[in-house]
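In what comes next, subunit A is part of two complexes: it sits with subunit B in the first one and with subunit C in the second one.
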Partner chain A sequence: MTPPGPKSISQVALMDAVSGAGVPAEFWQPITDKNLADWEAHWRPAIQEQLVLLSDAGVERHLWPQSREWNWRKKHNALGSSLSNESAAVMAAGVTQGMMIVDLDFRARIEEQARQHMVYIDFLEVAPWNRRTLTGGAPRYVGIGTLMIGKAIQRSLELGFKGRIGLHSLPQSNDYYANQCGMRDLGSDANYNKLRYFEMTPDMAERFLMRGERSGR
Partner chain B sequence: MADRITPEWCLAMAHLEIGHEVGAGLTAIDPVPDEDTEGSDESRLALGRFVSLARRGRGMSIDTLAELTEVDVGELLSIERDAHHLPDTRTLYQLAQIFGVSQHKLMGLSGLTRPKDLKYVDEAIRYAALSESVARLTKEEQAALDGLIAVLSERKGK
Partner chain C sequence: MSKRTMTLNLSPEEMDVLEALSLKKDLSKTLLLRQALRLYQRVEERLERGETLFFEDEAKKQKAEIMML
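After this line comes the complex of A and B, so read on.
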């Protein structure tokens, strides 16, 4: 059963994509009824609206958002009761801006850290209005995915996994993980719909965290 | 343990996400194209040559095209000059819009999708082979560009 409220809330921030101004936000753990209700009431209609625009513009289906058929309520119901899974959401302006589910029972693949514990990001998605679109739509807030990656590293550190994280990237995000996050690309994974698998070592994680700490001073 | 993901950290790092999409997790829908095996260097060369010819045919610099398509100059340069470069799907969509050709066929040439009809790929490679990269389009290059546009437009074949 989904808890009515978050067990923990920490203060974070997003950037307004137009003005560049900071926007106060909260990181909720775990995903709550409110987050799932937002997904149903706000995310799904916005995704449908985008799909209509894409269809009308003649955009091929394989260019449509890969996560368009994700059902967060089903995901949460399936994974929420598992002891090895944790979930989180980003809240700003009273609405859910992003959600994530992680798996704590996953082993690393990079040779130098093979079979060591890590935090694996099962699912990560930002709200549809925070994504750029093929039809020219501009995001409202940026920084949601980045802060969720940061939080996954933080959780890995807390659990003694030294910052090791891994994930299977959606195709449109490959360059973000490789070039912006500095994660190691281990290539296409035949067992995961041929999605590319990315992993971060403790050194990479520390560099990632330090970047924000140095420039945030 | 202190939480290192502070509001200041978030704002300092948010810029990483500008122009990018962030998502992870197993897709439950259409299989993802196999980026490793599809698309030959020849067909990507044809794609690069088409972009170069179409751009120059309109008297555009790389910078101008980058501005119009909202695509990085580096990405456009890689498409024009590097047969190993796998273009971004959004870039191909923008190029198809600007040049008035089929995004589906540009995707096929790039290797992001597996073309069912290989005829247009072969034809595009043939037309691309007829052209040479020089500062201004020669009559032959213009003819090659016309041929590429005909082959890559929606009207002709699928």
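After this line comes the complex of A and C, so read on.
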């Protein structure tokens, strides 16, 4: 029997990092077995190869990709039939290029929007071949993380949450969320492995989406 | 996403609460009820796993268990 496909597919675009050309892609909701199979068959071996290169190059372990131990099948299975969690994947060239899980039951922390509903990004990861690595690896496609952040904002708008989103960032992504996404850094969270917590207000979300429109994202 | 429609009958008091919460949270009644359903499902799942729901007032050092039916 064919496993169920996504309930929703929307057409999106990524950018080829070398040529700068647009690459047709799809945004799938929710994550499907095909995405999890890609994680097992393509992501995990690629991550393992990167770890070998990092190890051989003598790069300290705290600088290795911090999502290397994430198990997407376990994360996906833990969602069950919860209405509070939603998942999505980005597909291009027939392979999963990124995955995300969000939680719709979180409340905002920034004072001006404290306790208002928001979309919390539980997990967001791009495929290992789409990352810049410390051993000189260059991404194949760019724009996947930004695309998924934009989709989280759109979901927040659909739910009446005005574009509010929040997340805890792995240390290697702090700069991306603060400076490229324009999220507010609320500092280290003692209740969440001391990861820094970032949040976006409706104004920040609007600016993020406008930047995307201007850049054709 | 396909949607199904239902008619919901509320007492005036229930409607007052729904309207007040909609206003407070700046959400439509439909969106607010969807959020309530998500939350209710989550609470139910956690309780079924044997967990307990508390409200805590850190300043007063008070912790009260919420009794769920």
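As a working rule, the second predicted complex is superposed on the first by the 209 of 217 C-alpha atoms of A that agree within 3 Å, B and C clash if a C-alpha of one lies under 4 Å from a C-alpha of the other, contacts with A are read in each partner's own complex, and residues count from 1 in each chain.
The definition used in the following text is that a contact is a pair of C-beta atoms (placed from the backbone, for glycine too) under 8 Å apart; a residue touches a chain by one contact, two chains touch by 3 or more.
Since this is a predicted model, take the numbers as computed values, not measurements.
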Point to revise | Superposition on subunit A - do subunit B and subunit C clash or fit | key: fit
Review point. Does subunit B (first) or subunit C (second) touch A:Q116, or do both, or does neither?
Key: second
Exercise for review: Check the residue A:Q11 against both partner chains and state whether it touches subunit B (first), subunit C (second), both, or neither.
Suggested key: first
Check your understanding: Which partner does A:S67 contact after superposing on A: first (subunit B), second (subunit C), both, neither?
Key -> first
Practice item. Give one of first, second, both or neither to describe whether A:K162 is in contact with subunit B, with subunit C, with both, or with none. Key: second
Review point. Which one hits more subunit A residues, subunit B or subunit C?
Key: B
Review point. Which partner does A:D56 contact after superposing on A: first (subunit B), second (subunit C), both, neither?
Key: neither
Check your understanding: Of the two partner chains, subunit B (first) and subunit C (second), which one does A:S82 touch, if any: first, second, both, or neither?
Key -> second
Practice item. Could you tell me if A:D105 is touching subunit B, subunit C, both of them or neither one (first, second, both, neither)? Key: second
Check your understanding: Measuring by CA atoms in the overlay, how small does the subunit B-subunit C distance get, in Å?
Key -> 12
Review point. Can you list the residues on subunit B that touch subunit A in the complex?
Key: 1, 3-36, 88-90, 93, 103-104, 107, 112-113
Review point. Given the complex with subunit B, which residues does subunit A contribute to the contact?
Key: 10-15, 17, 22, 24-25, 27, 58-63, 65-70, 121-126, 131-132, 134, 142-151, 154, 157-158, 167-173, 175-176, 180-181, 187-188, 192-196, 209, 211-217
**Study point:** Complex contact set, residues of subunit A against subunit C
**Key:** 7-8, 80, 82-84, 104-105, 116-117, 159-160, 162
Revision key, fill the gap. Per the touch rule above, subunit C residues touching subunit A in the complex are 1, 25-28, 31-32, 34-35, 37-39, 41-42, 45
